[in-house]
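To start, I am sharing the structure in question, which I have written as C-alpha cells.
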Amino acid sequence: MSNLPARASRTLGEIAVRFGLELVGDPDLRVDHVAGLESAGQGAVSFLANSRFRRYLKSTRATAVVVSPADAVGTPAAALIHANPYAAYARIATLLYPAAVEPAGVHPSAVIAPGASIDPSATIGPLCVVEEEVQIGAGARIGPGCIIQRGAVIGAHTRLVAHVTVRGPVRIGQRCILHPGSVIGADGFGFAPDRPAWVKVPQLGGVVLGDDVDIGCNTTIDRGAIGDTEIGDGVKLDNQIQIGHNVKVGEHTIMAACTGISGSTVIGKRCILGGMIGMAGHIQIGDDVMITGQTSVTGSLDGPGAYSATMPAMPARRWRRLVARFHRLEPDRRASNETQDRSDDE
Amino acid sequence: MSNLPARASRTLGEIAVRFGLELVGDPDLRVDHVAGLESAGQGAVSFLANSRFRRYLKSTRATAVVVSPADAVGTPAAALIHANPYAAYARIATLLYPAAVEPAGVHPSAVIAPGASIDPSATIGPLCVVEEEVQIGAGARIGPGCIIQRGAVIGAHTRLVAHVTVRGPVRIGQRCILHPGSVIGADGFGFAPDRPAWVKVPQLGGVVLGDDVDIGCNTTIDRGAIGDTEIGDGVKLDNQIQIGHNVKVGEHTIMAACTGISGSTVIGKRCILGGMIGMAGHIQIGDDVMITGQTSVTGSLDGPGAYSATMPAMPARRWRRLVARFHRLEPDRRASNETQDRSDDE
Amino acid sequence: MSNLPARASRTLGEIAVRFGLELVGDPDLRVDHVAGLESAGQGAVSFLANSRFRRYLKSTRATAVVVSPADAVGTPAAALIHANPYAAYARIATLLYPAAVEPAGVHPSAVIAPGASIDPSATIGPLCVVEEEVQIGAGARIGPGCIIQRGAVIGAHTRLVAHVTVRGPVRIGQRCILHPGSVIGADGFGFAPDRPAWVKVPQLGGVVLGDDVDIGCNTTIDRGAIGDTEIGDGVKLDNQIQIGHNVKVGEHTIMAACTGISGSTVIGKRCILGGMIGMAGHIQIGDDVMITGQTSVTGSLDGPGAYSATMPAMPARRWRRLVARFHRLEPDRRASNETQDRSDDE
C-alpha cells in the first residue's frame, strides 16, 4: 500500500514563503508527495527531525528536505530550513495531502431526531444516530456509524471519524478529531459499598472537551459524577486511553496509548505521559510533568519534572535471580523457611 | 455543562422515611438536585462520605447533607443521617434523577430476525441488529447501534446503552448495564501451536452474566472454549477490562479499569481489584481479596487478604540510580563487565 | 449455556484417517461433540494437552480422547494418538462444529458505494457501510455493523465478525478473522511539538495484514505515517492490543491481550508475547523471543530468548516493606531525611 497518492504539486518557493522557511535551492523545483529520506525520489519532500537518521541525509534522492539550520549543508537535496523541522514538515504534508472534501448534508440512512440542530454545512454520514437536543456545528464531519446522544454539542469543524459514541451531556470544542470506537460521556465508575453488594451512584455530570483535542481509537472518557470531566484545549490522547470521571487534563498535555487515569485526578498543562501509565484517583500532577511508560503514579507529583518507575526487560533467567535477591531484602517474617509468598500476610 | 437539570423536588421528610434515614432538620424542606459540599446551594442535597472533605461541612450552603452519625453536628444544613452515607446518597440521587422513560417498541430502522423473541415492554433503539433465536426480556432497553447475535438471551430490565456487541451463546441476567463498545461472547484466544503456525481452537462455550452486573465501555468478555465464562451476580467491571475465556468471577467482585484476566482463572467473591492489573491464567483467587493497581498476579492468592506489587513513581533520576543498584544485587554472570543486559541469557 | 449443540456425528475411524491419528479403540464408535475430560460423557471427544489434567484421564467417560503417545494407555476411552494432541483436537473440533453457512449477498440495509467491488460469493451483513474503491474478495463474510472505508481491500474468505472498522488504505489478506470493535487503519499518533501546542503530522501510510491473521476485540492497528504498518502471515493478536504506526510484526508471532507496541518497532517471527506488555518505539525484537506479561520493553532484544520484568504480587504488607528496603538501596540525595520521593529531583 506504500505508494502515496500524488497530489497537486507545489513549488519550493511557495512552500518556503507560506511557512516561513529559509530555502537553499531552486525555488521553482516542485514537490508533490512526501517520503522518508531513504526511499525518497524525484518530487518528494522529506525531513530530518531525529539525529539518528542524519546519515541518510547525504545520499537522499529527495527533491527537498526539511532540516534544522545545523543540517542544512551536506545534502544533495534542496534544503527547506526551519528551527523546528518536524512541525514544518507536518504543515507541508498537510498542504500536499488535503483532506477529501465531503459534501455537506445528512445521509438518508442516518436517524436524526426532530429536535436535533445540525448546521447546514455539517456532514452526517450513513447509519448515524443523532438524538434530541443535539447541536452540531458548522463544517463538522460525522462519519459513518456514529451515535450522538441527547444533549451533546459538537463544535465547528470537529470530526468524528466513524463508530464514535457521544453521550450527553457532553460539549466538544472546535477542530477536534475523535477516532473510531472512542466513547465520550458514558457513566463514570461510581458504586457505594453496601455489603456485600454495590449501589450504583448516579453519574450526573458531563464531559467538556476544549478545542483542537484529538481522541484516539477506543479511548473512553467518562462523564463526571457531579460536575464535569474536563479535557483542555490542544490535548492529544492516543488509542485505548481511559479517563475516569471528574478528571481534569490541562491544555496541551499529551498521553501515549493505553494509559489510564482514575477519577478526580487533576493533570497539569503541557505534560507528556508515556504509554500504559496507571494513575491513582484524587491526586494532582503539576504542569510540565513527564512520566515514562508503564509507571504507577500513586501520589501527587510536582511539576516541572520527570518521573519514572519503568523496570526494563532483561533475560528471564537473570530477572528471576534478581527477584529472588530482591525478596531477600525483606525476608518473609512468618514463613522465612518457605518460598511461598502467599503465606506471608501477617 | 455543570448545571444539573432540576427534577421534581422531594421533601426531606419523604426522603428520610423512604430510605430509613434519621433527619435532623425541617422535614418540609425540599431538595431538587444534588451538588458537592463546596458548590451546593439552595435546594441541593449533598453528602460527606470521605473524611478529606469534612472541612467543607461547616460552610456548605446545601439544604441538606447526608452524613454518618459522627458528622451530624456542626453543619448549617439539615442532616440526613445514615451509617452508610454514600450508599444513602446514591439512593437519594437515583430518586431525584429518574431515568428517562423510553417508549417500548422496536425502532423502524432496527433489523430484527423473524425468529427473535422480544418482550413487548422492551425497547429496541435505532439501527440495532437482533438475530435469530435471540430472547429479550421485559423492560429491557437496547440502545442505538447494538448488535445481538444468534442465541443470546437478555434478561428483564437490562440495558445495553449503545454500540454494544453480544454474540451468542450468551445469557445476560436482569438489571444489568452494558456500556458502549463492550463486547460479550466473542471467541476466546485459543490457538494450538503447530510449528511454526497456530491452529485455531474452536471456541464453543458461552458467557453467563448474573443479575445486576455492570460492564464498562469497551470491556471485552470472551466466550468459553468448552463450557462458559461466568460473571457472578452484582459484579461491577469498569472500562476497558479484558476477561479471557472460561474465567469465573464471583459475586460482588469489583474491578477498576484496564485490568486483564487470563483464561480459566477463577476469582472469588467480594474481591476488589485495582486498575491495570494483569492476572495469569489457570489460577485461583480467594474470596475477599484486594489487589492494588498495576500488580502482576502470576500465581494463586488466598483470601481474604491484600496483595500488591505496585511500584510507585519517583523522580526519574533517582529511579535510574535505583534500577542500577537493583541490577547490582545479581550481577550479570556472563557479561559482568558490560552494562548490556541483552547479553546475559545463560 | 454449557450444553454444546450436537452436530453431525463422525466415526473415530474417519477422524483418525482424516487427521493422521493413530487409533486405539473401535473405529466404528461415533462422536458428535467435544467436552472436557471431567464432564465428558457418551459421544464426546476430549483431549489431554496439559499434564496438570492427566489425573482425569483414567476416570473420564468420554468416548474418545486425543492424547500424546505417552498418554495413550490408562484411559477407559478410545485413544486418538498424535504427537501434538492439542492441534489435533483443534482440527477435530473444527470438523464437528462447522461454521454456519451464510448466504452470499448484500443485506438490503447495508450502505454500499457504487464504486465498491464486492465478490458475488461474499456476504455483507445488515447495517454495514462499504465506501468507494473498496474491494471485498471471494467468500468474505462481513458481519453486521462493519464499516469499510475508502480504498480498503479485504481478502478472500476473511471474516469481519461485527462492528469492525477498517479505514483505507488497508489491505487485509485471506482467511483472516477480525473480532468486534477492532479498528484497522486509523491515524497513527503523530504530533510535532510546537510549544506549547502540537501540530498533527498527516498519517499517509496504510496497514497490510497478511493471510491467516486473527485480530481480537477492540484491538487497534494504526496506519503508517509514511509507509505501512505490517502484520505478517499467521499473526494472532488477542483483545485490546494496540499496534502503533509503522510497526512490523513478523510471521506467526502471537500476543496476549492488552499489550501495546509503540510506533516503528519491528518484532520478529514466531515471538510469543504475554499480556499487557508495553514496548517502546523504534526498537527491534529478534525472532523467537518470548516475553512475560506486563514487562516493559525499553530497548531492542536479541532472539531467540526469554525476557522478563514481571514482578509477582505478594501480600501487601510485605510488599510495602520491600519497597521501603528497595528505596534505601539508593537514598534520596537531596532529602535523605525525608520519606517524600517527590522532593528528590536534583
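For this structure, a couple of remarks:
Per-chain residue numbering starts at 1, and chain names A, B and C are given in the order in which the chains are listed.
We adopt the following convention: a residue touches a chain if its C-beta (ideal position, glycine included) is under 8 Å from a C-beta of that chain, and two chains touch if they have at least 3 such contacts.
Model, not experiment: these values are computed from the prediction.
The pairing of chain A with chain C is characterised as different-residue: of all residue numbers used at this interface, under half are used by both copies.
The angle of the rotation carrying chain A onto chain B, fitted on C-alpha atoms and rounded to the nearest 5, is 120°.
Per-chain CA centroids place chain A at a distance of 25 Å from chain C. Contact with two or more other chains is made by residues 127, 145, 163, 181, 218, 240, 258, 276, 294, 299, 301, 305-306, 310-317, 326, 342, 345 of chain C.
Taken together, the chain C residues at the contact with chain A in this complex read 111, 127, 129, 131, 145, 147, 149-150, 163, 165, 167, 169-171, 181, 183, 186-187, 189-202, 204-208, 218, 220, 222, 226-228, 240, 242, 244, 258, 260, 262, 276, 278, 280, 282, 290-292, 294-299, 301, 305-318, 321-322, 324-326, 342, 345. Residue ranges of chain B in contact with chain A, taken from their complex: 1-2, 4, 34-36, 39, 49, 52, 84, 86-87, 89-91, 93-94, 97, 100, 107, 109, 125-127, 143-145, 161-163, 177, 179-181, 212, 214, 216-218, 234, 236, 238-240, 251-252, 254, 256-258, 269-270, 275-276, 293-294, 299-302, 305-306, 310-317, 319-320, 323, 326-327, 329-330, 332-333, 341-342, 344-346.
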